[in-house]
Every structure is written in structure tokens, then in C-alpha cells.
Amino acid sequence: MTNAAHGDDILGRARVADNAELNSYYEDLAKLDTGALWTIANSIEPWEPTPVSDPVLWRNSDLREQVLRAINLVRPEDAGRRVVYLRNPKRKDVSACCGWLFSGIQVMKPGERAGAHKHAATALRFIMEGAGAYTIVDGHKIGLGARDFVITPNGTWHEHGIAEDGETSMWQDGLDIPLTNALEANFYAVHPNDYQTTNLPVNDSPLTYGAPGLLPLMDKWDKPYSPLFQYRWDPTYEALLNYAKVTDGSPYDGVIMRYTNPHTGGEPMLTMGATMQLLRPSEHTKAHRHTGNIIYQVAKGEGYSVINGKRIDWKEKDIFCVPPWMWHEHCNTATGDDACLFSFNDLPTMHKLGFYAEQALEENDGHQIVEK
Amino acid sequence: MTNAAHGDDILGRARVADNAELNSYYEDLAKLDTGALWTIANSIEPWEPTPVSDPVLWRNSDLREQVLRAINLVRPEDAGRRVVYLRNPKRKDVSACCGWLFSGIQVMKPGERAGAHKHAATALRFIMEGAGAYTIVDGHKIGLGARDFVITPNGTWHEHGIAEDGETSMWQDGLDIPLTNALEANFYAVHPNDYQTTNLPVNDSPLTYGAPGLLPLMDKWDKPYSPLFQYRWDPTYEALLNYAKVTDGSPYDGVIMRYTNPHTGGEPMLTMGATMQLLRPSEHTKAHRHTGNIIYQVAKGEGYSVINGKRIDWKEKDIFCVPPWMWHEHCNTATGDDACLFSFNDLPTMHKLGFYAEQALEENDGHQIVEK
Amino acid sequence: MTNAAHGDDILGRARVADNAELNSYYEDLAKLDTGALWTIANSIEPWEPTPVSDPVLWRNSDLREQVLRAINLVRPEDAGRRVVYLRNPKRKDVSACCGWLFSGIQVMKPGERAGAHKHAATALRFIMEGAGAYTIVDGHKIGLGARDFVITPNGTWHEHGIAEDGETSMWQDGLDIPLTNALEANFYAVHPNDYQTTNLPVNDSPLTYGAPGLLPLMDKWDKPYSPLFQYRWDPTYEALLNYAKVTDGSPYDGVIMRYTNPHTGGEPMLTMGATMQLLRPSEHTKAHRHTGNIIYQVAKGEGYSVINGKRIDWKEKDIFCVPPWMWHEHCNTATGDDACLFSFNDLPTMHKLGFYAEQALEENDGHQIVEK
Amino acid sequence: MTNAAHGDDILGRARVADNAELNSYYEDLAKLDTGALWTIANSIEPWEPTPVSDPVLWRNSDLREQVLRAINLVRPEDAGRRVVYLRNPKRKDVSACCGWLFSGIQVMKPGERAGAHKHAATALRFIMEGAGAYTIVDGHKIGLGARDFVITPNGTWHEHGIAEDGETSMWQDGLDIPLTNALEANFYAVHPNDYQTTNLPVNDSPLTYGAPGLLPLMDKWDKPYSPLFQYRWDPTYEALLNYAKVTDGSPYDGVIMRYTNPHTGGEPMLTMGATMQLLRPSEHTKAHRHTGNIIYQVAKGEGYSVINGKRIDWKEKDIFCVPPWMWHEHCNTATGDDACLFSFNDLPTMHKLGFYAEQALEENDGHQIVEK
């Protein structure tokens, strides 16, 4: 819990050595469900966060085959959801991909549908492949295309399916289930009819709210999350290309935009945010670190990231995570094409609670020394 | 100041008859720069607003010729701006088009430019015709196309011009100058260099902020108005067509969207808002009335509006106004094509001050009796 | 409309001389309800505001007698309200005290009550003298003491009265009636029963919301104005004395606090704000000027203010106004006692619309040259 | 993770039985740092939260003696802080009093002072006894009296001490250290000079911001927490007595008010809130349950609470906690005097993240069956 720059044997830190009298005192305290703060103070008040999760790469070349295999092993109606989840070696106890974020790969085949439920946890999806997939969120049915970003805010009824004439489809799920459970706030309900019936026109959410700088005049939206449930790939990629024409981009992330709630300009959901970023050909960003967890999926191209000195090579549909307070930088290794990274995070949680902190790497022109 | 339903001779209204003693009292009060409230109470506390402005139609077929004539009569550098302004017969004293809103038609020819200035008043433009026109707002240069909506928020340096290889261009200006003057808050400054110099890339504002559901991650925007200075016609029209697929529309306005500040979802500027609405073929809306002024320009198609019983027939590029608390309804007379109305208003002012009120016409299935 | 520093004969201002051809053009424009902007531009776009209202002092020694005289001249039920209003010589056309603000002195005698009504205009009161007076705002009855500040937000039912065993009472009313009328937004209604009936406990508003740094946990307040309808003198004066212990105060206003909506920390009502300020013995503030109107009542002590070079001597219960963009500074002439000024203003309107501007006087160590 | 009303063997829950093929599949998934969601889904998506912490009572009669004993065992400069912390038997791993909240009793004797530090965690104090104690928060020195509530927002420099002529003083600390650590966001720094030097007047914060319905006009406060660092007991108790005159109170909590940030009306700090509640003589509230943790200290009087069927008898200065989603109700057993409970909570965290849920007990007229 200390780092090179700070010892704990200084004024302002707990520096009480054990002795017999104190040990006797500690025993008495324990009997009263109490303890002496100075015996744990340096541990619970660290100089800075020590990352708990590992940085992990999940290769699509490994995962895809295993995910498809599940199709013949379980049915959605038995599994609830047919999902292979990503289990961080250091977060097995909370079934998390990174920190307090859950992630998994869901797969469905044509004609299948998974019943409607709702939970206090917030969910999002990033579509990886397929055709004819749809989701229904609180009665709003939305067709899903590759690289679309889709939200399922906390407390909304939701279900998924694939049209009979569709194709086997796969997407990454992201949820704050571990956080919701840690805060002892998760609730779950199965839809009374198992499936939602809706008279709303298909795609009403993106057709109503998916326009630039415009909102319906009569809008009565009063929910604490975005009324735009789907952010399609084509306009998103076009937005990055447009923005790239007029910006140098972030030193740490290249040309990066965040998905927003068009009603507020803020995050689309209460606990999680998401971004899409474009790395220009050969672009190599500088390193920074910050609190909060990020889980990436490569939307386009190939390259690598360096996370706390460890190089992770990635290509399309690979997934990797960056734990809190770990240095990270990104590199597009293609010289003739851009690379795009989708990512989601728990930064809205960090910001709302005043827990966001950020630091740029000063040494070595902002680049980490890569471990051999 | 009374209406059919309410007389003033009831409890709760001032009902004091003059007499000699009172008149003497009133004379004494006048000497002290005072008066008796009950002598004016019914007048200054009306049952409901009595519209001051006239509803007026300005036909493009009349206006265009006169506006073009100005090209040979004055130079921009002498006129400040070469603008023919729309003067409501009842608001000549404040040079307003309607209520406290100013509007005019500006024209410039290729190679001309009008110098940079700023003012406390807020401005907007709706482009009518031409090519190669541009505006520069606080250093952000933006190319202007027909039916684009462009903002010039209060206090920003701005100037306009036409490229040498452009075409004579015309646009409608809308400003809150009369309101700003009424509130004794107008300030004016000429740019020290007459023209802005800027290193910002052309069109950086729409290229950065003109995407649906996305904003730059690193954005530092902290102004009380929209960072998106231009709302282009093509995506706006597409947005209306998309929205039309999934909405019945407003009973009073058809398929109507408002231009927003993508950072907040609110109005693009502090005092004025703007909308674009689409009337389906043969659509005839119902009548309502509300506080606040609206000035329309026909962006597409032809039809008519009925304003407090008076029918106004309009077609493309015609301009008309609806004063506060006047009943109004719209009709697209084309059976095979939609009609679009651009409009701007002072409704943000009314909402912020708690002055917005609205009423639907109940009689005659919501339609006014048109005066012969 | 110009000032010494700026002529209008410079690039960026309208500088078009009349000639026959232009005059003919102007005539043609007039026929179309239009005009040439450059003929009015310099007038409607002034370099800075030119104050319209006069600074005026209304002495209590003059007013009180005339106000009391009204008691025997009109009854509240005939007058609606028995009010002598303050009429700025330059704002007679809109019955305003200053700018777009109305003010008057209301008087009632024991046992009288004035019926309930409501209006879109916003009202406030500052109690001058008496005992047993009360107001009822949307069913909340509040007892009124000298130097209390009381609000009647827009759209609330309200009525006033004096208990049978009370004393003749007098208070200053402040309303934004002229603004509401100018914006064509005033509505008026008489209570269907003439008087409100209420089961709410007396003084529930101050007893619930009048505590420092505390609010009811269960509160459901959702109105756009303060739930605290009364700000009592004793805690207000105590607050100023406390604050005076730890602040140098404002250079322009001494120890000054604003009345707030405890739910938001913002202004108590939508269009008008109010402050109470304390000038220490012999304190003489520096001059500044700003947009927006202020109407003062001397709550305590004596002194003078200098408004655009004109000295106005005041003592307790005197009322005076400072029009927009006029220099003003205050002086407590007592060497052994503090002086307190209550004031209300339309600054919330100015701030919301982006119209607030302020300037400190640089010359002469911040003090005006007083006219002889 | 299930309750009586819901089994897990229904459509919408994971219902996949193990078999050899699946087990083989699970082994393959594990090699890729993945797992099958359906093997854990019912566990991580419970029907409702299962409380983790125990409800615990810490009696002042037990604690006080042990806390005082520490005075002779450790010095503040060695302990950092001389605090006996309250350790929930179920939360020993995170050193929490309840859920993710830390609490402890701090004691200092006359002339002692504990050095300045800061941390990302947020802190608050409720004073139990003593005289002459002070805290300094970001340079603002504040004198502490019994039953005052004091805040130390995240990231502020703070230190405490007792005047030489003061008395041994004791207070309860509340911090979100466990939450901050769980979110891997804690940072700690020792003040470079060990102690703050300040020229600010003593008690400037309460003297400036501790008035009802008033704020300094010139205020530049821009922090995300309250500028009022101290909420004194006397006006707090007076506020409860006033409010009690006009309210029936909450069915679950009696007459209850929350401490607020006077700048916003919201919570004083980002992650934690606090309330003071008054139970009338013999008042017995109804039971409800909600997400979020509450830690109570009895400010006045005696009585008991029932927490998930367990009766806890309390009197002044006793501390107890209510874990999330546990039923709780309170009873003042005195027939002639009121009882007051101070409490702090993590409800702001729950609300911001959309995790707040609440339920009233319907059965038995809202009262729990108390365990024998």
C-alpha cells in the first residue's frame, strides 16, 4: 500500500509499534466489535490505489469458437441468456471482467428469443456479428447491426431475439452487476408474460432521437437515461472521420467521442459510459492513468496497447480491459488504415462520487517501457 | 383589456368611481410621483394578453426584388449590414417584426464581406439562396448552404461574406434586438481589426458537434449556448422524415423538431429557439394559442395558416409571423408533397421567466372560422 | 445613442447618406412593411444602454401621510388593493417605478381583508409597519412583521388582511407587472370563493423551510420558486451581523446577502431577486454600474446614495430606485450605527437572458463627482 | 439468493443442469478466463438484495471507557488519528461499520493536535462531548460543540485539535473509506507543513453560510460540496421543534430533516448524507426498508429500534447501524420528552447511481414481529 516515493514511517501516518499493553487493549476492543484505527490506517488509507484486477486480453480467435459451441449445449429459455462471460483472474469472486464491471459474449441463432426480464443493474451491448437480431427495451424494438452500440438502462424490461430469416448473431454484453451487488442494490424480475407485447413502431427510438442537434418539440422524456437506445455504427464512424478533420485528438486516445444522452449531453446511463475512438494510421498515443475501469472491444483494425508495461496485441473483435490507475497507451500498427476501439467504462460512477483522478506519464516522452 | 367572459365590475377588480375628493387626492399623489393603483389596476392586470403586433405575411415574390435592388444602392462597408428589415405595422416604434423580435433579409454578392462586430443581442440566420456564403463566429468559419440554420450567440464576434467564386446570397436574419433594447441591455462593439483572423479549420463546429448522440470526449465547452453553430438542411430534413415514420406528430404543428444545444439538450441560445416542422400532404393541424412570438419562413412547399381567423397563403421563402396569444393552425395544400416551415421564437425567454401559457381551441373540432 | 469614446462615422457602423434614389427606395420598402436596416441600425444597436428611467427618491415623510389618507377614501373590496403606486416620471406609460418593475405602498386597517386573486406577474412585499397583518399564498397563511420580506410567486392565489386586534399596517409591494405586460404574458383571475380556505397550519412555510442548512427529508416541493415564502427580519439581521464579522464585504455594497430559495440556492422567484445589505458606520462604498433595475427601501439608519452623479439622502422607510447602467454608490452617514438597505431587482431576468453586464468606476478612486 | 415468493426454477431464470458434456465445456471456458453465465446467473442476479452486514449496537457505556483508555496508550502524532473504530462482524475484511461505511470514535485531550492530511475519502463528524475542540478544513477553522455536525469533504486538507484550556473531547467519525477503496479510488497525502496555517477568521464558514434562506451576494463557491462545514446543534434542534409544529412527520422516521448544501439544496457531500430526526414522546414509527446503509447516533433521549425483527434498546450517545434492505422502525420510550437520532448514510451514492429502492411494511399495521 506504499509506493517508492512515500514511506509510512513519517509524521501523519500511523506509526504505533505493538507491545503487550496495546495487544491487551486490542483484545478488549475486539470484544466490543471494535478495533484501533492505527492498526489498519495505513492499509485502508493508501497513498494511491493499488489495482486489483489484471489487465487481460480475450482474443476473438479463441472466444468465438467457444461461444458458438454453446448454441448446441444450452437453449436461451433454459440459460436465461446464452452468454460466455469474461472472468478476470483476480475478480473471480465477483464474476467481474474488470473491477466491478461484468462482460460476456452472447450468441443466438435465427428464430431464437430470450425472455423479458429487468434488473436494477444497467446493461449495454456492442454488436459483433450477425443479421436479423433485435432487442426490445421497455417496448421499443430495435434492429441490431454490426458495431452498433445499444443500451438497456437500469430497470427497463428487455429481451432479445433473432428473426427467423436472420443469421446467428453475437454481441458483447456489458453490465454493472458486480457494482450493483457490491452496493447490495440488485433486484430482478421476470416479465409476467415472458415476452413484451408492443404497439410502438420498430426503431422508434433511433428514428426519433438519432438526429444531430435536433429533438422532438413535444418530447415528454423524463427518465434519468438516454431516450436514444441505439447508436448506429455508420453515423458514428462518419462522426469520427469528420471530427478527425478538425482535431488533433487526445494525446492519450486519438480521435475520441463519447456516446451521449441527447436530452442532456451527459452520459447515456447512470453508472456506465461508452466511447468510440479512432487511431490514425501509425498513431501511437501517450500514456496516462486514471481511476475507473475500461473494457475495450476492437471495432476495426489492428494494433496494440501497453498496460502498466505489458504489451497486448489486438485485432478486430478482440476484447481487453484496463484496470484502475494502470498506465495505458494505444498504437495503431497499420500504416494505411485507421483503427477503432469501442470501450465502455464506469467513469460516470467515478465522476458522480468525486472519485475521478487522472495522471499523465511524464517520463520517456509519455511512453512506457514495455516489459520483455 | 376585458373579454366577453369577464367583466370588470366584479369583486376582485378595481371598481372605484371618480369623485371630487378622489380627484383632489389623485392630484396630490401626482405631485409626489405617485398614483392610485385602482385607477389603472384593471388596465395593467388584464384578464389575458391582448396581442400588440399584427400577423403579417411578407411574400418572397415581393421582397426578393427589393432586396436585390439594395445591392446597387449601398455597400456592406457603409451599411454595416445590407439588410431589408421586416417592420410590423404595430411595432414600428421598436423596429420589430413581431413582439420583441427583429427580422430582416440580408443580401451579399460574390467577393463582398461585412466587417466583424459583436452585440449583446442574439442573432440567427436561415439561408434562403446562393452559394459560397460564409459566416465567422468567434473565429469559427462556416460555409452556408440553402435552408441551413445558423446561430450567432450573444456577445460573439461575427462577420459574413461571399467567396469570389460564389453566388449572390440571401438569408433571413432573426435577432432579439428589440428585447435587448427594451431591457436596456444592448452593447455594441466593432472588431478592432474589422475582420477576424482565425487558424481554426473551416467548419470545425459542425464537424465536431454535428453528430447524432456523440460529443468529443475532451470537450471543454463552457459557454451558455450551443457549440454547434450550424444545423444543416440535409440531416434536418432527413430527421423529420425519420421521425415522421414513427410519430403522429403534434396536433398543432405536425412533425416538429426543435434545434438543440447538443451539450444540454436545451435551446441553442439563451433567448431564442427555433424549430423545423413538416406537414404531411394535405395535413391540416388544429389551432392553439400561446404566449411568445413566432416568425416563420416557408422552407419547402405551399399551403396556408389561419391566424386569429385570418387566412395567410404561403409558399416557399415567404415569411409570416404569429403574435402572442393568437390562435393559429397550419395547412399543407399539396396532396402529393410535404411542406416544411422553419420558425424561430422567443419561447426560451417565456419559459425561463415563467411566462409560457398555452391553450387549445376546443370549438369546431379545433379549427377556426376563417374571416371572409 | 453614442458616447464620447465612439463616433458612428467609423467602419462597422451604418454610414449611408440619404439621396433621392435611396429615398425612393425607402418609400417602396415602406409599402411592403419593410425598411432599410442601415437607416436605423445605429439607433437600435447603441454602443451601450441609455437609461430610460429617472433615479427617484420617495420620502416616507411625504408618502406615509398620503397612503394613510387612502384608508378613508377607498375600501379594499372596491379598490382590489389599496395601493399608492410609485410612478417614475419617465415610465408613466407603463406605470412603472423603474424600468419594468412596479412598486407601491399598500395599507390596510384592522379587520380588513382584500380578496384572493392570482396573476402571471410575480410579487413580493417588504413590511414597513403595523401588527397583525397576514398574507395567504396558495393556502399558506403567514403572519407579517416589520422588515420581513415575503414572496408571492407567479400564479399563486394570494390575499392579505389584518386581524381585528391588529394595527393599521403598511408594506411596499414589488411586482414585475410592466415586464409581464411588455412580454404580453399577463393573466388574471379572481378566486372563485373570493377568499381562500385552508387547513394548513399558520406559518407552515417559515416553520418548515426557515432553518439554516436543513430541509425536510420527505419534501416533495416541485415548484420553480422558493417554498420559503417569508424571510423574517430578526434572523436576516443576525445573518448580516454574523457575516460582517468575517467579510470585508462588497466594495460596492458593503455586507450584502441575497434571499435564496433553500431548495436550490438560487433566486426565490423566477424574474425578481432581493437582497439585504448592511453598511457599517461611516462606510462609503465605491461606484459601479450594471444592467437591471434596483428598487431600494431603507430598512434601518440613514445616509445617502449617489446615482449618476446625483446625491439622494435617505433615511428609514425611504424608497429610491437605480435605473440600469447608472453609476451608484452608497454611504452610511451615521458614525455609530449601521444602516441597512433592502432592495429588489430584476437581475434574475437579466442573468437568465444573458443580459447582465457590470462595470466598476475606475476614476477618482471609484467615487463619482457629485452634481452641485 | 432467492426468497419465499420466487423460486429459481421458472422461465427467465437459469435452469441448466450439469452434465458431462457441459462440464467439459466449462473446463475449456475456464482456460480462456471465461465461464458460462448460466452457472452463476441466479447467484449474481438475485431477486432482491441479501444484507451482508449485521445490525449492531455499540453502547456508549461500553465504548467510552475504552476510547478514553487510548489517551494514555497512543499519541495522535503516532496514531495519525486516535480512533477506536466500529467493526461490523460481517465486514471485518473491509474494516467497515456497515456496508461500505467506516465509523469510529476519536478522542483528544487539551493541547493535543493531530496533523493535517487529505484523502479522496469523504469524512464527517458528530460531536459527542468536550469543549475547546476545533477542526480546520482547507484553512477554515471551526469550533466544535456537542451534537454539532461537521463535514470534511473529499480532497480537503483537515486537522483537529483541542485548545490548551479545553476539555477532553470525543466525536464520532464517519467516512466512506471502504467504498473509496472498493472503487480503487483512495489517495492520501500528508500536509507538507504537517499543520495548516490560515489567515481566515475563525468560524467564517458557519458565520457566512449558516443563515436561513440567505447567501452572500458575491459568493464564488464552485466546489461540489457544501460551503457550510458546520451545522450547529442549537439551530438544528430549534428547526426540528419548529417543523414539528406543522408536520405529522414521516411515518417511518417522525420529524426528520436532512442537512443540506445551502448552495444547491442537495446533499452536503458527494457520497454521504446525514439527517437529524425527532421522535415525539411515545412515538413509535412504522417499518420500511430501503437500499443504502445508515449509521445512527442517539443525540438525545432513549428508546429502541427494531431491525429485521431484532430489538435494539438505545440511549444517548449509543451508536447502531441499519444495513441495506433490512426492515427498521423506531420508538421513543419516554412519555414526556422527545428523542433525537442523528444518522449518516450513503444514500446520495445510491440515488446518483439509480440504486435507491424502498418498501413499506404492509403487514401488522406496519410493525415488525420482534424476535424473542
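All chains are identified by letter, namely A, B, C and D, in their written order; residue positions are counted from 1 within each chain.
Definition applied: a residue touches a chain if its C-beta (ideal position, glycine included) is under 8 Å from a C-beta of that chain, and two chains touch if they have at least 3 such contacts.
Chain-to-protein mapping (UniProt): A, B, C, D = NADPH dehydrogenase.
Since we're looking at a predicted model, the values are computed, not measured.
Chains that touch both subunit B (NADPH dehydrogenase) and subunit C (NADPH dehydrogenase) are absent from this assembly.
In whole angstrom, the spacing between the mean C-alpha positions of subunit C (NADPH dehydrogenase) and subunit D (NADPH dehydrogenase) is 44. Subunit A (NADPH dehydrogenase) and subunit D (NADPH dehydrogenase) have Cα centroids lying 30 Å from one another. With centres set at the average Cα position, the gap from subunit B (NADPH dehydrogenase) to subunit D (NADPH dehydrogenase) is 52 Å. If each chain is drawn as a node and touching chains are joined, the picture is one closed loop, every chain linked to exactly two others. By the touch criterion stated above, subunit C (NADPH dehydrogenase) contacts subunit B (NADPH dehydrogenase) in their complex at residues 10-16, 21-22, 25, 28-30, 32-38, 40-41, 44-52, 56, 58, 62-63, 66, 69-70, 73-74, 77-89, 95, 99-100, 102, 104, 115-117, 119-122, 154-155, 177-191, 194, 224, 270-271, 291, 323-325, 349-350, 352-357. The residues of subunit C (NADPH dehydrogenase) lying in touch with subunit D (NADPH dehydrogenase) in their complex are 200-201, 203-204, 207-218, 226, 228, 231, 235-236, 238-239, 242-243, 245-247, 250, 253, 256-265, 268, 275-277.
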